[in-house]
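Have a look at the structure that comes next, please.
When the chains are written out, they are named A, B, C and D in that same order, and each has its own residue count from 1.
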Amino acid sequence: MSRLTLEAASIIVDAALAQARRDGYQPLAVAVLDAGAHLVALKREDDASLMRPQIAVAKATGALGMGYGSRELAKRANAAPVFYSALFAISGGAMAPSPGGVLIRDEGGRIIGAVGISGDTGDADEACAIAGVIAAALTPDPGGAPAPQA
Amino acid sequence: MSRLTLEAASIIVDAALAQARRDGYQPLAVAVLDAGAHLVALKREDDASLMRPQIAVAKATGALGMGYGSRELAKRANAAPVFYSALFAISGGAMAPSPGGVLIRDEGGRIIGAVGISGDTGDADEACAIAGVIAAALTPDPGGAPAPQA
Amino acid sequence: MSRLTLEAASIIVDAALAQARRDGYQPLAVAVLDAGAHLVALKREDDASLMRPQIAVAKATGALGMGYGSRELAKRANAAPVFYSALFAISGGAMAPSPGGVLIRDEGGRIIGAVGISGDTGDADEACAIAGVIAAALTPDPGGAPAPQA
Amino acid sequence: MSRLTLEAASIIVDAALAQARRDGYQPLAVAVLDAGAHLVALKREDDASLMRPQIAVAKATGALGMGYGSRELAKRANAAPVFYSALFAISGGAMAPSPGGVLIRDEGGRIIGAVGISGDTGDADEACAIAGVIAAALTPDPGGAPAPQA
């Protein structure tokens, strides 16, 4: 099993932000967590609003917490809102059900971390997350229906 | 970049309350926060109920946290209740999705704080907030469709 | 029994800050709470650090919570640190044991609120709190040995 | 008044870690917060233990909350443990009293943020924080007696 290094996490953060600037997205926060849902790297762009880091972390934490990307988490939460409300309370407000929380898998398919992004639409956030993980030569798993990959 | 001074915040609070008395609104709490969502000035009128200060602070915090006024926050929360429920938990109960949380922008358009008001209807609260910000020669940004300005 | 009005609370806040400027103290936060320990008015001066409002509120809350000014609270907490540590946890982190939390009594001696100040030394904070309460023609009760009154 | 940009924060983080590797310190977490105590950038090195990001953030938050670097905060907390215990509870566990939380001042002396580092001794953490701030052409303010600058 590989481990998510700071070197890989830094590539993910910077490549995700490069993609956001290339596509003219709103200012973002990008967080990369390891397999234990602990922060490895985070950047918040100038003019991103105050809650963006927490939301980014919560998208990644939700993905790691349930074992599927936050696109799938959003789909399931909307289909079963009462259970997922309880779950969000169980987690102590640590999970965000919106696309942009993408699992990071190694070459063997093992989950070694997750990236979470907040600031633009869920679709845009997720596209940047996927671009970041690919830039680090790792495999993004956004959950749910496949999203377009850069 | 300007900074929100106590002098400006005091004008906002007093002008908002003057507007409320002129229009015969219910007793209000008015809170002014800086760009980092920290309190600068707050007043609660006689007979305003106990939770009004917290709600006023939470309207302003929600606007700063997400980067749009609480009228827009209310609209989005009603359209996507599951995500916003999670978000309110992520914030630790720090955000209130109802009109009356108005961003304060300087002459260059930069967010330098927010005012939150609670006590009457969301529309009335917001009208007083807007009047307060205008009295301080700053620019109110309530979010969503423009609200009538005093 | 009198009630602490917003008018009186506003006088207390502004007179306390006028005293601080006259005496050249550090930038302060001043909070006035009613008899139920709910905020009535608060101001934070420019350059006062971020935690000052919470500390000011906690000095006042501690005074109301125990029935004596925070000078007395500090004295008792230092004499019995284990019990008071538990008490601070019981309160959910709502009490600050340092001078500057002053009970406000009406002409009959009844507690109608408290003022809390943070930013300079406890002695300076308390002197401003006392000056504020006197300016509103109410009776300050700082707890412990009598402090010099303006 | 300057604003702490992501560009400056990224320089601070990377220069602090470069200093740590040059001096052979333990693996570190480095966090840079803006003036409102909100995260701008964070990196945790490989093999840094799990709590390091939170401690780094808490050193910076404590400095911003009180208006002095965490070296001074540690000194005061050791001299007045009862008051500071209460304060740590008031902050909701957001402040860490140990060297390594360094205020960031702009050319006019205004506080525009703080950096917090955890992983090695407080002295080593602080030395890296100072090196990072200097690399960004900003002014470090560690609090208390001046620490040796790289």
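As a working rule, a contact is a pair of C-beta atoms (placed from the backbone, for glycine too) under 8 Å apart; a residue touches a chain by one contact, two chains touch by 3 or more.
Small disclaimer: the values here were computed from a predicted structure and weren't measured.
Note down the smallest number of touching-chain steps it takes to go from subunit A to subunit C.
So the least number of steps between the two chains is 2.
Give a one-word verdict, same or different, on whether subunit C and subunit D use largely identical residue numbers at their interface, taking over half shared as same.
different
Could you quickly compare A-D and B-D and let me know which has more C-beta contacts?
Between B-D and A-D, contacts are more numerous in A-D.
How far is the middle of subunit A from the middle of subunit D, if each middle is the mean of its Cα atoms, in Å?
From the centre of subunit A to the centre of subunit D is 27 Å.
What's the distance between the Cα centroids of subunit B and subunit D, rounded to whole Å?
32
Multi-chain contacts in subunit D: which residues touch at least two other chains?
Touching at least two other chains: 3, 36-38.
Taking touching chains as linked, do they make an open path (line), a single closed cycle (ring), a hub with spokes (star), an all-linked set (complete), or other?
Per interface graph, the chains form some other shape.
Hey, which chains are touching each other here?
A-B, A-D, B-C, B-D, C-D
For subunit B, which residues are in contact with subunit A within the complex?
Subunit B residues touching subunit A: 36-37, 64-67, 81-83, 85-87, 89-92, 95.
Spell out the part of subunit C that touches subunit D in their complex, as residue ranges.
Going by the criterion above, the answer is residues 48-51, 54-55, 58, 74, 77-78, 81, 84-85, 88-89, 92-98.
Give the list of subunit D residues in touch with subunit B in this complex.
1-3, 34-38
Which positions of subunit B touch subunit C when the two form their complex?
3, 5-6, 9-10, 36, 38-46, 50, 53
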